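My questions will all concern the structure given below.
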C-alpha cells in the first residue's frame, strides 16, 4: 500500500521545496493561488474517498474502499487494468490522470450527514482533495453533494438510491452512477406482473425517512399502474429492530404481497421477521403470499441469510453478470481480495474511472470542465451495458437488474440470481418527472 | 379484537427481551448499587456466543473439487465440517442446525466468567464512587466491548437461524375459533417468551428459596447490617453479577434467530432497557419484569395503524413518552423504593 | 403569646398515631427543650415545624403566620433555621463559602440570578461571614474545604451557618447526638455563648438530660405523641410523670 | 480587568492568546514532513475545536457545577442549528440573525425541557433528559421532515426566499454565509519555512464567540450564582434549609447551558449551513459528556481541552491507516514490522472508537478529575521534586484541597 501517502497538499509540493530556503514568508489568499479549488500543481492528484468506516454500514464502506483502491491501482497502471480494458473510452493510459499520479485520502462518514460533511471538508481543506466520492446512504450523499457544490469540487456519488439525489436535491457539481428508486420500480413492475400477475394487493412497510418515502412512492406508482392495489402503507421507525408488530397484521389485511422499503439493518430484520412469521408459506386470496425487497444488496442478503431465498428485488449490478466488463472487474477484484465485489464496490469503481476519464477528455481538473465532459457522456464497457450520463440531472441511465434470492447457492457469495436485465429505455424518465421535480442543478462551481 | 390479541402477543414477545435485560440490570443495581451501562453489551456478547458456537461447529477442512468452479473460475474449494465428519453427515447437520439452543450451554460459563472478571476487575472499584462515574466507566466499557466484537465479526448482521424444527408459525386464531391466518405466531418467538418466563422464574425462586438468595435479598435491603453479621456479602455479590451477566447473555443467545445479531445491538437495547428499569422502579425486580412486558405491549399497540393515523409518529416515541409520564407522575417508577438514585 | 404556637397538632402514619393533639408555645428569647423517650414523636414534631411534614390536624403559627404547607426554604425565609443531628453542610465548599451562602439567602431571598457579580466583590457579605466565623473561633479555617473539618468543627460550622442569618427561632435536632463528652461540653458552651450574646429563641430536641438541663429555660416532655408536662427544668427534674415515662420506657 | 481579579485576568489572557494562535499551535509540522498528517490547522477542524469547546463549556455549567448529568444536551445543539439554517433560508445568510435566533430558540426549548426534567434528580433526571432528547431526534428524523428535512438534513437551496439577502448569487449559486459581507469560508494562508498556516474568517468568528463564552462562564464560576450551583451539587437539603430554592438555580443553569449549546449549534450552521438530525441523537449527547469528563468536569479549561481532544481524535487519529503504520515502522525488519502493525492496527484508523473507549475508562477510573487533574498531578509532582529537601512547601495540610471546583 504505497499509494496512500495521505497528507500532502498538492499545492505545496513544489512551492515548499522552492521556498524552503527562503526566509521571506509569503502570504497569499486561497483565491489568488489557483483557478479552482485545490488545483493540483505537483506531480500528483488527490481524490477523497468518503465512506462509512464506523457504524452499521462499515462493511459496505470497507467494500467500497477496496474498490477505490483497486481503481486507483488501475488508473496508475498497476494490476491487470480491470475495466479500463473494457471501457469504451480509451483516453486513460494507466499513467494516472493527465499524467499525474493518483493518490487518495479516506474519510469516515459514520453514515451521518454531519460527520460526512466534516470528513469531506477535512479532505478538501486539509488534504487538498480535488474530488469527493462515496457514501452509502442518500442522506449522506445529498449532504455531501451540497457541500461539494459550495466548495467547488466534483462529487461522484456512491451508493445512493433516493430519487432526490438527482431530483429535488440535484447539484451541478454532483453526479450519480447508481440507479434510483424510480428505476427500481420501473424495472421491477413488469417482472412482478409477469411472475405474480396483475391482480395483487400490496402492503408497504417503509422506513420512515426520505429515502424510504421516495421508494414507497415509486413502487406504489409503478405497481398501481399495472393494476395492483395498494392496501396499506405503514411507516416504521428507523430505530426499530423488531418488526413483529408491523408484520403480524399484514396477513389479516387482505394483502397478498408485502413490499419492504427498507435498507441495511432495517431490511435484514424486517425480512427475517417476515419470513419467521411464515408469510411465504401462506395463501391469501387464493394466491401464494409474496415478499418484495425493491433494493437489494449482497451484504444485506448475506445478513438475512437463508431468508432471502426466492425474494425479488433490484440491484444496480451483480457479480454473476457474464459480460466482458463485469467478468474483468470480478476477476481483478476477486484476485486481489478473495471474494467478488458488491454493487457498492462496482458503482464506486465506475465513478472513479468515469471521473478520471472525464478529466482526461477535458484536459483539465477544473470541476466545470469535468462536469461538461461528463454531461451527456455515452459510454459502455463498465458492466451495465450502454450508459448515458444525462446532462439534465447528472443521472446515469443504464440497464437495471431484477434479482431473486437464490434457492440453492453454490457458494457463500452466490446469494442472488439475475432474473431479468431491464433495458435502460424502460427505466428512463423525463427530467421533469414529478417525482424528481422541485430542484435545479444551478451552475457549476469551480470554487476559489 | 383480533388485532389487539395479536399485538398483545407481539408485546409479550418484545417485552421478554426487555424484561430479561432489565432484570439483570436491576439485579446488578439492587445488589451492587451499580448503574451498568455495559449491560446492553453483555446482551450483545451473549448473542455473539451463539454466533461463535455456530462458527465453531462450522469449522471445516478444505478439499479441492476440480469438478466445481468458484466465482473466478478456479477449481472450487469444498468445505466439510469436522462435526459432520466426526458424527456422520446426519447427526452433524443436526448439531449445526441446533447451534442456537446449544449456544445456551456454551454461553452460561462464558457469561459467568465475563461477569466475574468485569466485577472483580472493574466494577469493584466503583462501589464507593458516584453513580455518574459508574455510568461513565461502564459506558466506556460498552464502547470497548462493541468495538472488539466489531473487529472480529464485522459490522454486518450475521444470520443465525433457529433449528429448522422451529421454523414456521402457529395459528392461534384457529385455536380460538377464528379464521385461519388471523392470529399466527412464529414458534421460535413463543419459545423465546417461554424461555424468558423460565429464566425469570428461576431467578426469582433462586432469590426466594435458597439461603444464598435470602442473604442476597437481605443485602439488597441493607448491605451494612448483613456485612456486620459476618457474612461475606461481597463474594455473593460477585456471583450475583455473574448471574446477571448470564441472564443478559442468555437473552442474547436466544434472540439471535429473531434478529440477526450485529455489534451495535447492545446499544440499541441499552437506552430502552434503562427506560424499562426506571419505569419499573430502580432496584425493584418485579417492577423491572412488569415494566418490560408493559412497555413491550404499549410499543406494539402504538404501531397499530389506526393509532398511527390519529397520532402520526407515535410509535417513534411511545417508549420515551411513557417513561416521561411515569417519571413525572410516579417518580419512583411503578414499584420503586424511595430515595434510590437521587443523591 | 409565644413566637411559635403549636395548636392541636395531630399526625398519623397509617395505623400509628405519631402525634396526637400537641400544644406547645415557645416564648421569644428563651431556650425551650422538647424531650421524651425514643418514639415519643420528637422528630415528627420537628419535621412539622420545618414544613417537611404536614399534620393532619391543628395549626403551627410562627410570629402570627402559619408555617403549614410552606416549603422548607420559605420557612427559613420567615426566620427559622435548623441544625441537624448530623451536620448538614456544603462539604465540597470552603468554610467561608459555607457561611456566605446563608448570608446571600438572607439578603437576596430564595433566588437571585447574581451571575455576573463576583463573590469577592460582595465585601459586606464576606465581612459578615468572616465575623461570624471569628465568633465561633474558626477564623483560621476560612479556606479549608468543609469536608476536611473535624466533626466538632462541622457542628460549629453548621451553627455558624444558621446564626449568621440571625434567625428568630433556631431549631436544634439533637445537636450533641453521638458526641464524646468533651465535644458535648464544647457544644453546650457554644450554645450558651450564643444564647448570652444575642437575642434568639431556641427550640432543642434532645434526649441527653445533661444538655437539656444545662441550657433550657423551659422543657416540654413528650410521650407517645402527646405533651406530658411543660415546666421549668427545676420542676421537671423531680416530676413523677416524667420519671414514669422514662422509667416505663426503660423497663420495657 | 473586566471585573476579574488579577489571577483570572491572566488566565483569560492566556486563553485568548491560545485561541488566537490556534492556527499556529495546531500546525506544528512542516507540510513536507511525514508528521504533517498530525496537523490540525485547517479551517473545519479549528472551527470545530472552538464550537465544541463552547458546547462543552456550556454543558459544564450544568454538570460541572450542579452535578445534574444531562444525557440529552445534543437536542439543544440540534435545535440551534435548525433555527439558524431556517434564518438563513428565510432572512439572510448573514450569520448574526441566525445565531441570535439559535440562542433564543434553544434557550426556550431548554426552559421547557428543564422545567419538566428538573422535577426529578439523580438518574431519573438523566433518563428524562435522554427520553426527551431521543423523542426530539426521532421526530426530527421522520414526521417533522417538513421542518427538519429529515434524514438529509436541512440545507439551503436556490429557491429559498431570503428576504433580506439574495436567493442566489449572480453566478447562480447559493450565497455563502457571511458576517456583514465577510465570508465565513474565506481564508488567508501564510507559508513560512515549509509550514502552511491558514487564517480562516469562520474560525476567528468562532474563536471570538468562544472567548466570549469562556469569559461568561468564568464570570459565572466566580459569581455568587456559581457558588449557589456548587452548593446545589453538594447538599440540596442544607440548601433549602438555608432559605434557598434550588429549582430556579438549576433551571437557570440548565437554560444557560442550553443556550450555550444553541450558540454552538448556530455556529455549526453558520460555518456549514446544514443541520442534520443526527446532531440530536443520544450518542451525540454522550459525546459532550465524554468531552467534559475527559477534560475535567467542574474545571474551567477541562471541557475545552476534552472537546479539542475528541475532535482531534475523530478527525486526525481516525485517518491513520495500515499504509501509514507501515511507513512508520518501515525501519523494523519485515516480519517484526508486520507484527507491530498488526498489534496497533485495531486501535487506530477506524478503530479509534476502541482507543477512545479504553482511554475514557482509564480516565474515569484513575483520573476522576480528567486531563486537568492529570496535568495538576504532574505539575505538583514536578514541583515537589524541585522542592525536595527544602521545607518551604506552601502546601500546608489544609490548603491543597481548598477549591477543587474553581481550579483552572
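Note that the chains take the letters A, B, C and D in the order they are written out, and that residue 1 is the start of every chain.
The rule we apply is simple: contacts are C-beta pairs under 8 Å (C-beta built on N, C-alpha and C of every residue); 3 or more make two chains touch, one makes a residue touch a chain.
From a predicted model like this one, the values you see are computed outputs, not experimental measurements.
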Would you mind checking which chain's mean C-alpha position lies nearest the centre of all protein C-alpha atoms?
-> D
Report the inter-chain centroid distance for chain A and chain C in whole angstrom, where each centroid is the mean of the CA atoms.
-> 74
From the C-alpha centre of chain B to that of chain C, how far is it in Å?
-> 52
Chain B to chain D: how many Å between their CA centres?
-> 35
Could you give the separation in Å between the centres of chain C and chain D, each centre being the mean of its C-alpha atoms?
-> 46
Specify, in ascending order, the residues of chain B that touch 2 or more different other chains.
-> 313, 316
Could you list which residues of chain D touch at least two other chains?
-> 138, 142-143, 353
Find every residue in chain C that makes contact with two or more other chains and list them.
-> none
Looking at the whole structure, which two-chain pairs count as touching?
-> A-B, A-D, B-D, C-D
Can you name the residues of chain D that touch chain C in the complex?
-> 3-5, 219-220, 222-228, 230-231, 233-235, 237-245, 248-249, 252, 256, 398-399, 401-405
Going by the contact rule at the top, pick out the chain A residues touching chain D in the complex.
-> 1-9, 12-13, 15-17, 19-20, 23, 25-31, 33, 53-54, 58, 105-108, 112-115, 117-119, 121-122, 125-126, 137-139, 142-143, 146-147, 149-151, 164, 169, 208-211, 235, 237-239, 438-440, 442-443, 445
Interfacial residue positions of chain B with respect to chain A in the complex = 2-3, 6-7, 9-11, 13-14, 17, 68, 70-72, 76, 150, 154-161, 167-169, 181-182, 184-186, 188-189, 257-260, 262, 264-265, 268-269, 299-300, 303-305, 308, 313, 315-316
For chain D, which residues count as touching chain A in their complex?
-> 30-32, 36-37, 39, 42-45, 48, 138, 141-143, 145, 149-153, 155-159, 168, 171-174, 176, 185-194, 196, 198, 272, 274, 276, 278-279, 315, 318-319, 321-324, 326-327, 349-350, 353
Residues of chain C defined as touching chain D within the complex = 50, 71-74, 76-77, 81-82, 84, 88-94, 97, 100-102, 104-106, 109-122, 141, 143-145, 148, 161, 165
